Every structure is written in C-alpha cells, then in structure tokens.
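Next come two complexes, and both contain subunit A; in the first it sits with subunit B, in the second with subunit C.
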Partner chain A sequence: MKSKLFLVLLLTVGLVFSLVSAASAENILVFGSSGDASRLDPGDVTDGESIQRMDNIFEGLVEYEAGSVLIKPCLATSWEASADGTEIVFNLRKGVKFHDGTDFNADAVVFSFARQYDSNHPYNQYGEWAYWGYMFGDVDKMEKIDDYTVKLVLKRPNASIMTSLAMFTVNIVSPTNAEKYKEDAFKHPCGTGPFKFVEWVKDDHITLEANENYWRERAKLDKLIFKVIPDPSARLMALEVGEVQGIEYPNPADFERIKANKDLVLMSQPGMNIGYMAMNTGYGYIDENKNGVRDLDSEPLVKTPGYFEPLTKKKVRQAINMAIDKQSIVDNIYMGTAIKAKNGMPPFMLGYNDEIEDYPYDPAKAKQLLTEAGYPDGFEVTLYVMPVSRPYMFDPPKIGEAIQSYLAAVGITVKFYQVDWGTYLQETEAGNHQMCLLGWTGDNGDPDNFMNVLYGANACSIGAAGNYAFYTNNTVQELLSAALATYDEEKRATYYKKAQEMIHEDAGWVYLAHSTQNIVFRTNVKGYVLNPTSRKFFYPVWIE
Partner chain B sequence: MKWYITKRLLMLIPVLLGVSILAFSLIRLAPGDPAVTIAGEHASPQVINSIREKYGLDKPLTTQYWIWLKQVLRGDLGRSIVSNEYVAKEILERFPNTIELTLVSMIFAITIGCIAGIISASRQYSVFDYSFMGLAIFGVSMPVFWLGIMLMMIFGVYLRWLPISGRISMMISFQRITGFYLLDSLITGNFAAFISSLRYLILPSVALSTIPMATIARVTRSSMLEVLRQDFIRTERAKGLPERMVIYKHAVRNAMIPVITVIGLNFGLLLAGAILTETVFSWPGIGRYVVNAVNMRDYPVVQGCVLFFASMFVIVNLLTDIVYVYIDPRIHYG
Partner chain C sequence: MERTRETKSQELIRRLKYNKSAVFGLAIVVILILCAIFANFIAPNSPTPSPPELFKALKPGFWSEDGIEEMPLGADGLGRCVLSRILYGARVSLTAGFVAVGIAMILGITFGTIAGYYGGWVDAVVMRIVDIMFAFPALLLAIVIVTVLGQGLDKAMIAIGIVYTPQMARIIRSSVLYIKEMEYIEVQKAIGSSDARIIFRHVLPNSIAPVIVYGTLMLATAILDCAALGFLGLGAQPPIPEWGAMLSKSYSYIVSGAWWAATFPGIAILLSVIGLNLLGDGLRDILDPRLKT
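Moving on, here comes the complex of A and B:
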C-alpha cells in the first residue's frame, strides 16, 4: 500500500516538473503586456494597454501607412474636402462585415461618432469619451449621405483632423453589438478588424483569434493573446523561456542581456514623444468660458501660484538651458534609449526645425548670463519631480538629481517636490510649480498635437494647462492657429518652424530627450513593424 | 457556542461600519482625483467635470458617504470608476485566485513550519535546531520580491522545470467555473489543465509561504519548549512513555494554541492579497487589484475591497477562535 502511494506521488511530481510543452500546430503569439486593459471600447479608452488591444480588433475610416504617421484608406476608400475645408465626404468600403456578421455601412460610422459628441444620443451615457472632447472638438457632426457615403462637418477648418481620424477613438464599432450589450458593450468588443475578441480574464489575459471573414487577407496568426506581466524582470524571463513571444517596456538595464541572447531581437525607434523640464515663466489666464482659448479682452494674464521672479527672466532660463549637460543625461540615465532633443517635437514630424542650434553645455556662459540677469550668487528653486516613469522619462528622480547637481555648479540650489501622479498633474496644470519635469506622448502624429497643446498661449489656462512653462507668447499662438487653419503642408511647416525659433529663443523649457520605443520579440516572430505612435498592430505578424 | 458565534457576527456590524468610514475618508484624504486618472493626461476640464458629476464626486463628502452606505446595505458595492464594472463582481472574479494561492502556501507553511518547530524543540541546541532556526530568520527577513525573482531565475530560466508567470499555460484551453483552477480542471476532467495549474502554483506559493513558514516554525518551537518543561510531561516521561508518544501525542497538542493564532493571523493577512508575490508572478489576485485601484484613485473599488478584507479578517479570526475549542477542551465560550 505504502509503495503504491509512493509511486503515485512520484508520478505526479514527475509530471509536474516534466516539460509538458504543448507544442501547438496553431500560430499563436502571446504578448507580454505591462498591465491589463481597463475597458474595451475604442471610443472610451485613454491608456496604452487598452489601446493596444483595440488596435487589433477595430479599424477606422483611415489608417497609418506601416511604420509612419501618413494616412491611407482603410474603411473609407476615398475622401474629398470642401473648398473651405469644413466638410469632408468619405466613400465607404463595401462588403465589410463586423465580427458579429452585420454589415459595415454609413449607419455604423454615424453611430460610432454620434454616440461620442451628441449628449442626447441613447448610447452617450455608456462612456466618458474623454478623447473626443480633446481631439475632436472641432467636429460638428457626422452625417449619412447614403448607405456608403458619409460627410464629416467641421466647425472650422482643422488640418490635423485627417491624422486624428486614424486614432482608435473614432474606430468603428458595431451598432448591433452595442444595442445587444448596452452598458456592458465595453466587455464585448466587436469591430471589423483582423482579430476577433474571444475572452478576457481580468488582470491575466485577453485572447483574440483571427477574423476568418476579414475584408483583407486573413491574419497569419491564429491567435493573439495579451498576457499581463507587470514586473519587467519577470516579463523578460517569460520571454527568454518562451512563455511569451514578445514583450513591451523592457528594462533599459537589461538591453545588453537581450542583445547577447540570439533568440531575442530588440526593436527600437525614436518615439513620438518629448521629455522636458518646464520653467514657470510666471503668467497664465483663467479660462472663464471654458473654451480652451484665451480671449484677449476678457481673460487677462494673472500670476500663476508658482510665480517665481528669477524664472520670469529670459536670461536665467537660457542660463539653465546651458548649465545642463543633456547629452550626459541621455547617455547615462536614458542609457542610450533616447536621442537628445533640441525642439519640443520629434524630428520625424512635419515642420520640425532642424536649423535651430541647441543651447550648448556651457556652465561658464550660464554663470555669466545669471550675473547679467542680476543673480550672481544664484538662488533656490523648487523642482517638481514626477513620481512615475513615463515612456518619455524612465527615471525622473535620477534626472532630477542630475539637474540638481548641474545647477548647483552654477550656484542654483534645487529642492525637490514629489507627490503622487494624479496630484502631480493637477498641481502642475494649476501652475503651482516653479520648475517641473514632464513630457508628452503624441496622440495622432500631427505637429499640432505637440505645438498647440504644449507651447501655445491658449494652453496656459490655470488649472488645465498643457503649456507647463506658462509661456504666453501671442505671436507663437497666432502662428500655431494659422498652421491649423490651412491644409497646405508647406505653409504649415513654415509656421511651425517659425514658432520653434521663438520658443527656442525664449527658453521656457529645457528639452531633454525623445525616448525610443522598445519592444522585444523572439527571433522567430516575423513581420512586426514599429509605429512612431507606439501603437501596436499585429495584423502582419506571424511565427516561423 | 451558538450564542457566542451570533454575538461575534453581530459585532461585525460596528467593525464594518468603522472600517467603512475609515476606508471612505482615507482614500479621499489622499491627494489625487479619479476623474483625472480615467480621463487621461490629455483630457479637457469639461470632460473631467462631467466624469465627477457622473460618479457623484462633486457632492459633499457626507452625502457621498451616505449614498454609498445605502448602496452597500442593499448589497451593492457600486461600480469601478476605471473599468465601469461592478466591484463585487470584480472582487469575486479575483478572489478565488488569491484563495487558491493562499491555501497552497499555507499548506506548505504549516506542514514544514510545524515539523521544523517540533524537531527544533525536541532536539534543542542540536544541529537541526540551529539550522532550522537560522533558516527561519533567513525566511522572515528575505524580501519576497527578491526571493520570487531568484526562484524564477533558478527553476524557470536555468533549470526550466517550472513556469514563471500567470496561472495556467496559455496553450491550454480551459473552462472556468468556480475560478479555482485546480477544482475547475478536476470538475471538467481536464487533466492537462490540472497539471498545468499545479505547475504554475508551485513557485508563487513557495515564495509566499516563507514568511508564515518561518513565523510558524519559531512559534511552534518556543511553545513546544514551554510545554516540554511542564510537570505533566515529566510525569509522562517518568511513567516510561516513549519520547515519540510524549512529543507527538501530548506535547504537540498542548503547544498548538499559539500556533493556531499565528496561522489564523497569517491566513487573514494573505487573504488580503500578497501584493508583491502577485506582482512578481503575474498572479491576477486581489492584492494587485486593490493596489492598482489605490493608484488610480478608484474610490468604489478601494472602499469595497477594504470592507471585504475586514469581513474576511474578522471571519478568519472567528474561525480561529472556534478551532481553539476543539484543540483545547478547557476553552469554553459561554
């Protein structure tokens, strides 16, 4: 009896420890994500994790060319803008079906848009539609002309709207599915994309499978699984042993280990982002009518709570720019996972001004400028240090320390201030800071999404600022508004270049770096193309 | 006994009421705004305001508490602000994961901890004693996070014996019924799934069991030593009872009361989620859930979870007290 029991025990232990690798004939890719999705409705998500699931289930009227932010047809086959630029007519693709078998048509397009902007729409109550107000505020309405033609009506010409239409926010959802699940539709995503939703085990994984009735060629992967592995070391180990075939956000400290492993391939590309230190130049406005625009007559400039005399002086800000060795920060803290920045938007974008010469690292000159500005002995200043790592800044505390020591060398004493992330954003938006570390990851690939949001005077509204230097230069704002109003790309580029010159001269920011986006795959994963927006499209991928 | 249990359960009401007030006010005293977190970095103030209104966050705190309390009394913990899902449902989805992990690690901890404690006590100052107690100090002081990574490195990456992250192999299709994977795979007769979920359980439960195991070993040892010095043990030895009988039949049972207390406390603690272990091993348990919720300032989730944990803790303590009666007949609850 005893020996039998022992045998059973031995067998079980043997089985448990044996490498039962269920080799499957199916082409399955398990991707190690750093977190779970929050919701699965493309119109109602703002976080990268939800977005990467959405991008493989849903599609929009237009999409990006592989690896770029240029636009090409997707669910719309062609489009034409009216002469005044306020109406765009789209011809829709015929014969496309949603995953639930219903037809994609003009009604679905109107539904997907109207539920977000029309507060009387019966489905408006089921989402927050956070991105709509922010990216699509210029949209007046989407109208059906016939079953396969729709018209987008804008309140004013907006040159960035076409790139915005490639965003997940305006991906097309199945109205039938929305009707079936109502408030729970966000758990049952149904689009037209290359993969169909199968299951969602919270905090563990989301499984998608190939859409057999896809309007293009069927995806090469049979299944695509997003598995949540929050710890970066665990994520890399899971990749090394083949539990997953790809991971996001590898730890830069592990890059050497990854490169040394012939089973792994590290893919990197400058990301669509900017990490910077903003210096509060002193003044913002109260957006009384909440229109996001500073009305020069009725909304005067007022001191921000973080107003600090020395930083209102251009020479001081220029001196700080020269006192910081950005190259060294990029090399040692970003550990080579970034390129040094000189302008406030990524270099691959329309209108990037490459003729601008960056402030050199020159502590002696910085000291001289400080003396000229009336601060030969320096001063004490508070720096807000982000409590979290963001794609544009992996290690804010270390960057803060570096800045502290560089500025100490020219006589400026830096004190740190740290709070939790939600509060951090609230306080900096309210202009409580003297200096702060922050950055931006672009949304749609259009320069307006950097320039207007981060550097325009309209973005200096106290309590809702995007312009954290509170740099209220009206000429810059005029250039940015003009660039948004014209569809002529050359003109747009000229306006943006001019604006960058002025921003550089006034030195409200120390632009630190554009960090690269990094993703690691096992070498047998083929066909993946990085997109500058960091969005993840798995349609062309297969496993050898 | 029945009256005692009823009394204890009734006492749950003021405890939960107190806990609910604490949970409610603490998370709101913490700076940060859930509306800002869900609307995203790029949201307009209008959107943020409309979210605040939608979830009643613009109302006075006392009103908010009252609304919430009424809702809880109806058995509804509300909806998560972040995921828009019912909090009760989300807790119940994740709780089996935590229980399964906790149970298995407590089995490890109790078996090994008690045995090590008993051996150490019965052979005080021997090599066994010194090495077990040395290991126990090591176990208590080792950061779980580091231990987890080391276990993964050794058994996952180098030896390739055991899987690293998650609850079950992604290659196995598997039907979830109760959420307890071992149980579900047995119910559905899915042997491959059973073996796979067992394999995924080993490393996290070993990592999680170290601290309770070490505590249990130390408490067992000192409690045993105390019992072994008592008169009745001397009598038994004098009677000529074999040492094995003395220890296992008489001493152990008498030494168990403090050990049960420690086990109960540890069990209660682990049920509130082993955050670090769950993070390292990508275990979709309740600890990770509540930490995410705190970070996102997801008020309904944090409040719901704290209430839930408090009830669990009280119930586990009650069960511990009931177990005493069976271990020690001298204990009566009138």
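Moving on, here comes the complex of A and C:
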C-alpha cells in the first residue's frame, strides 16, 4: 500500500516536472498584479487592475504611440474631422478578425459605442458604463456609413475627443461574442488584440495566449499570465525567486534591495497622477436627469451627508493646507518616489499653472487662520482613509497618520474611518466624508481628464461625484467647459490656468504628490515600455 | 479569624516562592505593570509626536551607527520611537486586557451564579446560550461583534469581554453547583437566609479561586486577541500605540531590512503572554486544593 502511494507520488512529481520543462520552452511571462480584475469588459471598467488585462486583449480605433499620449491609427486607418470638429469620419482597417472569428467592421464599432450611450440598446442593461459618463458625454452618436466607414457625431466641439478615443472605454468588442454570452460577456472577453483570453480564476490569475491571427506580427510572448499577489513584500519575493517575471507597485522601502539585485530591473517614470486629501466644502447637487451636468435652474445645491461646518470656511481649509508638511511626506513616506504637488494635475500637462505659489508649511499661520475663522481650539474631524495602495498613494494609512499628527499640532483632532475599497468609493462619491484621501491617474493625457472630472461643479453630483471636495464653483466650471470647446492650445491653457488659481485660493484640496510609476522586471524580460498613462501593453515584450 | 487569613496568605506566598516559573511570570507581569503606570516617566520620547518627525523614519537603534541616540530601539515608519511606543503600548494592552477580563468576569459571574444556583430552566437557557457562543471561534466572534459595534479600542475590549463571558460562566457555574450542595449552605437555608445573602456571603467567596486562576490566564489571551484585532485594524485606532497595530503597520518593512519596527512589539506581546501564562499556571498549582501535596 505504502509503495503504491510512493509510486503515485513519484508519477505526480514526474508529471509536474515534465509540464514545467515543456512550459519553459515557451515564452511565458507571469506578471504579479496587486489585485484582481473586477470585470473583463473594456467599456465597463474603471480600475487599473481590470484595465491592465483589457489593454492586451482589446484595441480601439486609435491608439497611443508607445510611451506617449500622441495618437496613431489602430483599427481605424485614417480619419477626417469636419470644419467645426463635431463630425469625424473614420476609415476602418480591413481584414481584421476578432478572436472568435467574427469580422471586424462598422457594425462592431457602432455596437461597441451604442451599447454605452443608447439606453434603448438591448445590451445597455449589461453594464454601468461609468467612464462613458466621465469622458464621452459630448458624443451624440456613432453612425455606420458603409461596412468600413463610420461617423462619430458630437453634440459640441470637444478638444480632447481624439485622445479620449484611445482609451480602453471605447475599445471595440465582438458583437457575436456579446450576443452569445449576454450578461456574462464580461467573463468572456473577445477583442482584436495581440492576446486571446484563456481563463480567469477569480482572485488567483488570468491567462492570455498569443493571438495567432493578429493583424500585425504575432506577439513574441506565447502566454501572458496576470497573477494576483496583494502583499507588496510577497510580490517582490515571488519576483526574486523567479515565480513571476514582473511586478507592479513595489514598496519604495524595497528600492535599494531591488537595485542591489542584478537579476532585477526597476523602471520608473514620472506618473500622470495626483494624490490628495479632499475637504468636503458642504454642497452638491442631485443629477435628476443623469446628464452629468448641473442644470442651474432645475438642480439646486443641497447639503452633502458629510456637511461639516468648519470645512465650509475657506480660512479653515487654507489653515489645513498650511499645517501639513508636504515636502516631508514626499521625502519620507513616498521615499522620493514622488514630487510635491501644488496643483491638481501633473506639471508636464498643457495648462499647468506654474506661477501658483504653494501654501507654505507654517503651523503658526495655520493656527492664526483657525482663530480668525472662529476655531481657536480646533475641532474634531473624520478622515476617510483608503484601504488599498494606489499608484498615486502607496501607503494611505501611513499618510493618514502623518496628517493626523500634523493637524494635532494645530489643535485639530482627526479620527480615522476605514472601510473596504468598494464601499469607500461609494461613500465618498455620495459625499458622506468630511475629509478623504484619494487621487487620480490620467487616462488620455488631456488636462480635461483631470480638471473637469475632478474640480468642476458638474462633477459634484451626489452619488456619482468625481469632485470629492464638492467644490461647486460655477465660474470654474464655465472656464473648464470653455477650455474643452477650444481647439487653440494657448487659449485653452489660459482657461485652465485661471481655473487653477481659483481652485488654489479656495483650497478645497490638500494636493500631496505626483508619484512616479514604478515597475520591476527580471533582467531577461525585454521590450517593455512605460506609458505616462500607467497602462501596461505586453505586445512588444519577450523573454530572452 | 484575622489570624487565620494572614497565615493563609503567608502560606500562599511561601508556596509561590517554591514555584520558580510562577515567580518568573510574576516578575514579568510586575515589570509590565510598572512600565504601564510610569510610561510617561520612563519613555525617552513621546509616542505620538506632533507634528511628526518623519525624517527619522525607519532609523535603526543602538546596534547601528546610523541610529538616533534617544531612540534605543529605532524608529518606526513615521519616525516615532519604537521603545516609547512599546512602553505606552503596555498601558494600552494591559488596560485592554483588564477591562476585557473585567467585563467577562462581571457578566460570567452573574450568569454563571444564577444558572448554577437556581438550576432548572434558568440553567438550561443560560447554558444553551453559552453553548451557542462556544460554537464560534473566539476571534471570529470578536470580529463580528466589533463589526457591529464599530471600530475602536473600547469596542474591541467590549467584544473580547463578551467573547470570554461563556468560559467564565461555565467555570463559576461548576463551582456553584458543587458549593450549593455543601452542608453550610443547607444550614443557611434552614435558618431562613435570603438567596442574595447566601450567594454573596457564602457561595461566591468560596468559588472565587478558580475565577482568579482562569482570569489570569484569560488576561494573557485577552491581550493577544486585542493585539490580533489591532493587527486587523479593528482594535485601537491610530495614533494609539497598540502592540498589534504596531506589528501590522511595520511587518512589511522586514523585507526591506528595517526589522526592528515589527520585531520589538512582537517581543513585547510574546513576553507579556508568557508572563501571564506562567503566573496563571503557578496560581492554579497553588490554589487548586486537588493539587495540594
């Protein structure tokens, strides 16, 4: 009996080894991700983990040049815009097939767009389409002209529409696949991209394999596996022993150890992001007609659930800005993997206002401002602290604790509030918080993607807010809307600069840092290019 | 009467002296209590400096030349003195332990005595509830209670107190069941003493010995569970220096080489649990009449 058992064991071990050796002949990359994807439908995801999978399965009409946010043709070979910019005609690439064999054509493009904006579309019910609301509100419709020509019609001119079209949100999905799986289509992604979906084991891994019929040259990797390893130390150790070949979000404290290991390469680049603490200034609106815009006559301002008297006062918010030593936080908690922020968007973007002078770290002045505002003895306030590390904030609890001690020095007592990530987003979008830690990673390199989404009054809709300070300044919103409709870059920039001045003066946010994006590979992984949007494309990658 | 009680306690001390491990446990516990009481005199730094001194983050301690002199055990991720936080943490952990066990004792003794003394359906109902509570793993039940009550050290103490109540109730009930059959209780009943008088004057004083033993042992697990809740982020909220929370905030630095921020709080938890366990075992040896030689 015992010897039989031994035999079975031997056979199993043998089998495993033969599998491993067979596998090593193939070019396989296992990537250590910090979390699992939420859904696998490019139109219906907003988080970096899901996007990272989508970007290797799907493609859009246009795409970014590697390592930049410049647009180049992808599934569309060329395009032409009307004089006023409200109509764009796209010529589509011929001979492209989806992974399930369906032909790529105008019907697929119209399907991928219309299901998101048309509430009567039969497939509209299968998703929330959150990003459509953020970024594509100006789109009126997508029309088929002939099998390989489509026309995009806008409600009004939009200067950022072409860069937005390279976003995952408007990647093209196979209509036959959607028809086959209906509400489960998000578990069976099918696009035209360099990799095909193989399997998804929830909270463990997602496997992709090279698309043999790709319209460009076949991917150099045979297989691409996204393995979920939430703990940063565990991720690094898996990389060190070669269990994975690349990892995201390494712990800044481990950078020296990584640099000392000649088997590993650390790739870093200034990230297109902002990490901040938002202070709820008190009022939002209820978006009755769900148009993503505050209609001034019919949608009045109402108190948010997290309304808190002291934070409605500008002097208090400015005092909080002055009570926190941001430089020290950047140096010692971000450990040099970030630069101090003074505005709500990254410095290399169009319209960044470098003339704004940041609030200095001055606790004495802060105390004085608090006294002037009527709070000489301070007050007690609740801070929502994110439970997860994000590209713009590696260790939110630690930053929260640092802020807590800084504010204690000027008499403000900070209480923590921590919930799971999904609830956190829901509660902050509904304005339940008094103060919260959050941030944003840019999607398309356009300033509108920061300014309008994060700081406009339209983004103060209770329940779907992106403006977490609930800063409802109509003048700022007018500037941002004017900027979006302006094609002249210089003129556009002046609008954004003016808006930033007002945002700075009213101090709804404490802008903490713009983090660098960091990724670590084993040295034999070649061809990876960092993108300013932090998106991860594995098409050009191979293992030596 | 006075003399016999004195000789009894003298006898206790004599027996304790012969029990080496109990003396060792007692020494640790006494040191711990002294640390807790005098933390603000012994600690070299504030456990929660405000504003924070972030530039001292993860500086090593006395063993390294890069260390800061006034922080012998190094600094944590926010530049706070690990030693000072451990000393203040003793205050937090011991308070949490005592309060939790106190809650368990009050509730456990009340329900256990009622169940044991009155018997019948009262006993059946109380003990079945106790059985139900026993069916859940202690920490899991504590997590559920904290989730309902909300986060925080005070809530964690209440949760652990509630979780330990069934054990206490069972122990006291079995003593009461034994004692209420004694002749002197029957005498009291015969002379018409009230139930309250019998319970408070005769039953409880005679069944308290096991409660002390188990209370001490429970203190150790209560401190451990409190640290566990802190580790999970459900117990003490920042910036309170709590050992479990200190451990969970710092363990990721071990890989980066800054082992001290997590190791020393861990040692503190270990020592206090060992101390209380040794003392508890020693007390059982001494107080349990069945183990008397």
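Going forward, the second predicted complex is superposed on the first by the 440 of 544 C-alpha atoms of A that agree within 3 Å, B and C clash if a C-alpha of one lies under 4 Å from a C-alpha of the other, contacts with A are read in each partner's own complex, and residues count from 1 in each chain.
Here is the rule we go by: a contact is a pair of C-beta atoms (placed from the backbone, for glycine too) under 8 Å apart; a residue touches a chain by one contact, two chains touch by 3 or more.
A quick note: this is a predicted structure, and the numbers were derived from the prediction, not measured.
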Touched partner set for A:G463, first subunit B, second subunit C, both or neither: first
Which superposed partner A:G374 touches (first subunit B, second subunit C, both, neither): neither
First (subunit B), second (subunit C), both or neither touched by A:Y406: second
Larger contact residue set on subunit A - subunit B or subunit C: B
Partner chain in contact with A:A130 - subunit B first, subunit C second, else both or neither: first
Which of subunit B and subunit C A:M237 touches, first, second, both or neither: both
Touched partner set for A:K415, first subunit B, second subunit C, both or neither: second
Doubly contacted residues of subunit A, that is, touched by subunit B and again by subunit C: 231, 233, 237
For the subunit A and subunit B complex, residues of the former touching the latter: 15-17, 19-20, 22, 24, 28, 30, 32, 35, 38-39, 46-47, 128-131, 133-134, 137, 183, 186-187, 201-205, 225, 227-231, 233-235, 237-238, 240-241, 243, 287, 290, 292, 419-423, 425-426, 443, 453, 463-464, 466
Complex contact set, residues of subunit C against subunit A: 48-52, 54-55, 57-58, 77-79, 151, 233, 237-239, 249, 252-258
Of subunit B, residues touching subunit A in the complex: 30-34, 36-47, 50-51, 54, 82-85, 90, 93-94, 149, 152-153, 156-157, 160-167, 169-172, 176, 192, 195-196, 198-199, 202, 279-282, 284-285, 288-289, 292, 295, 297
Complex contact set, residues of subunit A against subunit C: 231-233, 236-237, 251, 253-254, 256-257, 325, 328-329, 331-333, 363, 395, 397-398, 400-402, 404-406, 408-409, 415-416, 418
